[in-house]
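If you scroll down you'll find the structure; I have some questions about it.
Going by the order they are written in, the chains are A, B, C, D and E; count residues from 1 in each one.
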Amino acid sequence: MAQASYKSPGLSPGTLVYVGDKTAEATRISVVDFTNDDIEEASDVPIDDLQMFLKRDSVTWITVSGIQDVDVIEDIGKLCGLHPLILEDVVNTNHRPKMDAFDDYFFLILKLPLLDSSDGSLALEHICMVVGKGFIISFEEMEGEIFTPIRDRLWHSKGRIRRYGADYLAYALIDMVVDHYFEVLEEVGEEIETIQESVLDHPEPGILSEIQNLRHKLVLLRKSIWPQREVLSSLLRGESEMIDEKILLYYQDVYDHVIQVADTVETNRDQMSGILEIYISSVSIKMNEVMKVLTIIATLFIPLTFLAGVYGMNFKYMPELEWHYSYPLFWGMVLACLCAMLIWFKRNRWL
Amino acid sequence: MAQASYKSPGLSPGTLVYVGDKTAEATRISVVDFTNDDIEEASDVPIDDLQMFLKRDSVTWITVSGIQDVDVIEDIGKLCGLHPLILEDVVNTNHRPKMDAFDDYFFLILKLPLLDSSDGSLALEHICMVVGKGFIISFEEMEGEIFTPIRDRLWHSKGRIRRYGADYLAYALIDMVVDHYFEVLEEVGEEIETIQESVLDHPEPGILSEIQNLRHKLVLLRKSIWPQREVLSSLLRGESEMIDEKILLYYQDVYDHVIQVADTVETNRDQMSGILEIYISSVSIKMNEVMKVLTIIATLFIPLTFLAGVYGMNFKYMPELEWHYSYPLFWGMVLACLCAMLIWFKRNRWL
Amino acid sequence: MAQASYKSPGLSPGTLVYVGDKTAEATRISVVDFTNDDIEEASDVPIDDLQMFLKRDSVTWITVSGIQDVDVIEDIGKLCGLHPLILEDVVNTNHRPKMDAFDDYFFLILKLPLLDSSDGSLALEHICMVVGKGFIISFEEMEGEIFTPIRDRLWHSKGRIRRYGADYLAYALIDMVVDHYFEVLEEVGEEIETIQESVLDHPEPGILSEIQNLRHKLVLLRKSIWPQREVLSSLLRGESEMIDEKILLYYQDVYDHVIQVADTVETNRDQMSGILEIYISSVSIKMNEVMKVLTIIATLFIPLTFLAGVYGMNFKYMPELEWHYSYPLFWGMVLACLCAMLIWFKRNRWL
Amino acid sequence: MAQASYKSPGLSPGTLVYVGDKTAEATRISVVDFTNDDIEEASDVPIDDLQMFLKRDSVTWITVSGIQDVDVIEDIGKLCGLHPLILEDVVNTNHRPKMDAFDDYFFLILKLPLLDSSDGSLALEHICMVVGKGFIISFEEMEGEIFTPIRDRLWHSKGRIRRYGADYLAYALIDMVVDHYFEVLEEVGEEIETIQESVLDHPEPGILSEIQNLRHKLVLLRKSIWPQREVLSSLLRGESEMIDEKILLYYQDVYDHVIQVADTVETNRDQMSGILEIYISSVSIKMNEVMKVLTIIATLFIPLTFLAGVYGMNFKYMPELEWHYSYPLFWGMVLACLCAMLIWFKRNRWL
Amino acid sequence: MAQASYKSPGLSPGTLVYVGDKTAEATRISVVDFTNDDIEEASDVPIDDLQMFLKRDSVTWITVSGIQDVDVIEDIGKLCGLHPLILEDVVNTNHRPKMDAFDDYFFLILKLPLLDSSDGSLALEHICMVVGKGFIISFEEMEGEIFTPIRDRLWHSKGRIRRYGADYLAYALIDMVVDHYFEVLEEVGEEIETIQESVLDHPEPGILSEIQNLRHKLVLLRKSIWPQREVLSSLLRGESEMIDEKILLYYQDVYDHVIQVADTVETNRDQMSGILEIYISSVSIKMNEVMKVLTIIATLFIPLTFLAGVYGMNFKYMPELEWHYSYPLFWGMVLACLCAMLIWFKRNRWL
């Protein structure tokens, strides 16, 4: 059965409809709970235990992976007191990045770019976060290794990430998402380099679909990075009061990175359209060369063929046919013709 | 008789002129009147009974379908105390989406996109709404099924839509209109996909008018969605005081959806112009191949034809004609010529 | 003698220089003076009588048609106490639309688009208005019928136009100007439709100058409508205090119309550049087809011609010439060749 | 010795470096000093006398022509108390238009466009002005006739230019500069008209460099007019207090003119790119026609040539050769072939 | 071993990762310390001595060249009390220009353009500066001669650069960086001129990669100059309080220069795309000419060759063959044909 990719018109807002195309995966909840001194990790936590963690006077990071099961998401939402519209956005994997500020928490949608190593296609993982005083709830489409480095950092370091609160942890997560863009852009940059070289050296028709592919990737990246810029900019403007003044500097830093990503994407798009122009030009230059060859050959031999045809005619009275030196004379004319033509071509810079 | 599509210059403003091209249809008025506890529905309500519904302490939703009969519209307007300029806009089906805030109500024009299932053409249904405290008057060009899902929801649910007032009901209607854009965009997206594939695989001239068609649809969608973005943005800025603070969050949500629609339209437009570029490129690549074949054949055989012509000449004194091995020698020359040419073509990457 | 189309550098500002290309026409002044109860109309009013009308406690609408006679314009200006820079703008028919607010009046320049019914060319009539408390002075390049519908309305109706003051009358004039844009746009829209169809069906070279013509018209319309948008927007912002709060709603309405005109112009421009692209594509597609025919014919027959040439050679020792079945064999080869070629063309989708 | 066109990196700011390419010309100072009643003019004024003029209670207009001699400029600067950075900008003829407001004066850089009447090339004359209470110092690259009309006006008129102060005089100078743009634009407009016609009528390769030339001129005009718009806009915003409230209206007027210039330049640029598109189209249309002729000729005659070749073969046993009506039959076939082809071409709209 | 060009996702922010591709170079610290009266210079200063310089009541300029050794950078940062995020940006040579204002200092990233004299490629040197009251710390990737002119100026002049504080010194450094852009732009301008000429005179395929090269350079310049504009604009807005009111005028001046650079880059980009268009046009014009030659030759001789072929046929009964004047008649027909064709070509403006 085909899965709807949008909720159908007239459905009540706040109705949770999962629109992704991932195969169903059980929703799993894991928790990392830490203070500067202690850290505790639990996976496959039952929903009812979440309350216990949240009540503690520590930073609680709840990770929900697998968002196909809308009922579970709804239960989590109720238990944590989240607004129903947020939950609708969590399961709507087509939703663009955004930030909603509420009294007790703010809600983020981010997009994490992932290159499929097999066919080089680009997927945008839908990542949501609810960040409040002392807790973060993060949602990811599939159980993945995405947040593992952060979890490791929490275990192994006693640095800022343990000392500061949920706002710093949220920063670390956003920073990690943005760093993925740099990874992807580096690969894309290399692909562009490769295409550019082959366009200038030996343009081949197959390049067209490669160009179209790359352009599509850049459109996807652009479409996902620009709203994230707005997200960070509204956080920097202090639309949510959840972020400490002191931590804002870090958000400024990740904002700079987002701008750099956006910049690079624009530059790449520019380059791509330059490459297409160059490709089209070089195709028509090649055509020009082909035409020149045809024209030179035809222009050289068509008049001569006519001449040969003339002396192949069977008229009874053709005086030249009887002359003794007609044949060498004919070859002389041919050579003269050829030379004149070649000189003319030379003058017109065709050779 | 041809129908005017604009009011002629000099006509008094406030003169109601129906400019659509729908065949005349009787204006029908139906009412849904509900509180949290009760709900009542009436169709073909006479104009004079409207007052009764409006006076009640409930939410009254008046639907006027068929706006060709400008006199009836004028009567409704007078009875409900609407400004004459509003009525002019209601019957001007070419009017772009807008929002006008008055003291006691606000007025919305929206466009609902409908794909004709027979020929795939896109029509924009002109939808108007007057939203006040406790009442909504909605106008639609033709009596249709457009608002049926909302009406059903009112009957079957006792949720927010019954609990909250006219502002929430207005939100539900706008949300439904916006959801139609997603439906249409999904179809358009599939058409783009199809065209893109056929452009890369086997570009054919017929594609040009398909591309032009799709571009036209995207222009229509863009032209209708951008002003709706402004409409919602001005509602969010609180230009009308009819909307409760608590309900604004829902308007924010539908605003996000409108932005997503606008985004998708822009991306699609980008893609379409990419496709046209690719198409033009692939046409010229095809031409290049055709020219190569011609050039190769002509370059191979024209000189040989000349040679054959030479030995078809009827000069009396042509020593070669008498030699015994002339004929095999001729074929040797032909083969040598062909080989040389083929090697040269190979070197120039023509084969 | 050629007429200067700009005042020459160094001329004192405020020097009145008529820059239009209309043939000289006498300046004629007509007056409509009305209250809610009375209305009076006079044509060919001597300048000195104007004061009398202006002093009355009624709304006085002075129409000056024919602005070539700069001395008369200057006299009118002095008599009505207008700033000299205004008069310079009145006679400078190249001036773009603008609004200047003074203490006692505001000054408008508008452009009224007129399609020449003979050759379809577009002219922009230069219309100026000075609007004060109780009076309007309107200037038009030629005595025309432009304002006749409004004058008729004043005579025949006792509606808002008679009840309200000069600000409402000004609105009625502006509304009429904007309605002319809709008329013109409808014609332009039809021309675009026609061109689009003929581009897709049978593109012919003559279309290029038609496209260029239409684009030029759209540029003119765009150039005149955008500043008028600014004019209305600054009136709405209340830069002049001449307009009553209650009347502003009507200005809002005409502002909406101007935006719709601007929108339509942009959409049309978009469409035109789409059409040009489609045209260029279809030209190169046609070329492609022509080339294919040439290539097919040449590729089929050039090798065969060579073959025929070979057996037309006059070598003494050519064994095939003596064979009995050479000739039918030759035709067999020809047919085989043709078939092989045709199959190959089929495979390459050339046929 | 080549002249540096930029000061080399690391040079102290405020170092005066003349970067123009005008041949050295002596710096000459002339003064016009006037009140409403008196006017005095002096040329070749020694620097030391300037102080005397400036101290008087009149409006002093100092014109410095020839700015190659940086020492003299520096002396003038010191004597009048100008900031060193101003002087750097005066001699840097590449500097874009700008406005700097100081406590006692404001500083303007303007660009005056001059068309070389010999080769039609466009030069931008670098004009600087320092405007204070009661004095203006204007700098021009070469001693020219540029300001003569203003000087004449001062002598012959007792109008506003004599009554008002230095701010009005500055306005008169700016107005004159802007009027030069109109002159240039009119010439450019005529060139565009000419090119447009010849593109549509008989496109020839030489047009390409004409188009490139015109585009270059438009780029230069655009590059110089946009910053002047900013200059006037900042004067209108009242960034300098040197301009009287009453005079600002005149600056508003010249601002309107600058906007009109900018508008026209944009429209012209639009037109130029339209012309290039049309040119490219018409080249490919011409090519298409050429190709058609070739194809028609080749398609008509190549098969016939083959046929003639066949009956030119020397096989011993060719029954047709012996038939009595072979020859007329051959011509019959040829005619039939030609007719069939021509009908087919007709059907494909090739003829 | 390949060097990472971005820090990998999940790494703690503030982790210093050098991302440049310069070969390792030892980090060297040099100090210039001056007051209006004294000046002292020291190179290869050990980190521990820096404190001594900083404490003095003079302006201390610390230059750190070679930033590959992240540990040393970290030590310097700690010693001078710099925020860790600054240090991350110092070693991230890919970071775009930016300005961060802190309480006691502000931090700048600039890009200095350098043209490689061997292959003309453009590199952007990463330059960082920390500017506080009485000290500047500047970081450069490689020990170079970049700042030498400023250092010389400090030694040899007792002008503003010695009198004013660190804010003026910072200005001098920025001014020097911007002056490098002018140098580079002048070279780029000459390259553009050269390409433009050769495109119009004799377009050759190699030009495509030159155009692509130049465009890439302009993209790089644009990408680096625009953020520097923002940097200066935020300094001018007074986001840091480190800059004295009196010195701001100088920052305004360098801001003007940056705008001029940005302007020139945009104009150059415009020109480049104009050149590409012209190139493509002239390629297709050349093709057109080639095609014309081919068509003329083929159209002239193909019918004649057919005619010659006809009279080369071996039919027994061909009356013309026997006629006495057949042969001269044949030549007469050939000449008539040629003349007719040539006249027709002339009429079609093909010759």
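One rule holds in what follows: a residue touches a chain if its C-beta (ideal position, glycine included) is under 8 Å from a C-beta of that chain, and two chains touch if they have at least 3 such contacts.
Small disclaimer: the values here were computed from a predicted structure and weren't measured.
> In how few steps can one go from chain A to chain D if every step must land on a touching chain?
Tracing touching chains, the least step count from chain A to chain D comes to 2.
> So if I look at the partners of chain A and the partners of chain B, which chains show up in both lists?
none
> Nearest whole angstrom, what separates the Cα centre of chain D from the Cα centre of chain E?
Centre separation, chain D to chain E: 26 Å.
> Between chain B and chain E, what's the gap in Å when you average each chain's C-alpha atoms?
42
> Which residues of chain E are in contact with two or more other chains?
Those would be 280, 284, 287, 291, 294, 298, 302, 305, 309, 312-314, 318.
> Inside the complex, what are the residues of chain B that reach chain C?
Where chain B meets chain C, its residues are 5-14, 83, 85, 88, 94-96, 98, 100, 202, 205, 208-209, 211-212, 215-216, 219, 223, 276, 279-280, 283-284, 286-287, 290-291, 293-294, 297-298, 301-302, 304-305, 308-309, 311-314, 318, 320-327, 330.
> Going by the contact rule set out above, which residues of chain D touch chain C in the complex?
148-150, 152-153, 157, 159-161, 171-172, 175-177, 179-180, 182-183, 186, 196, 200, 249-250, 252-254, 256, 259-260, 263, 267, 270-271, 274, 277-278, 280-282, 284-285, 287-288, 291-292, 294-295, 298-299, 302-303, 305-306, 309-310, 312-319, 349-350
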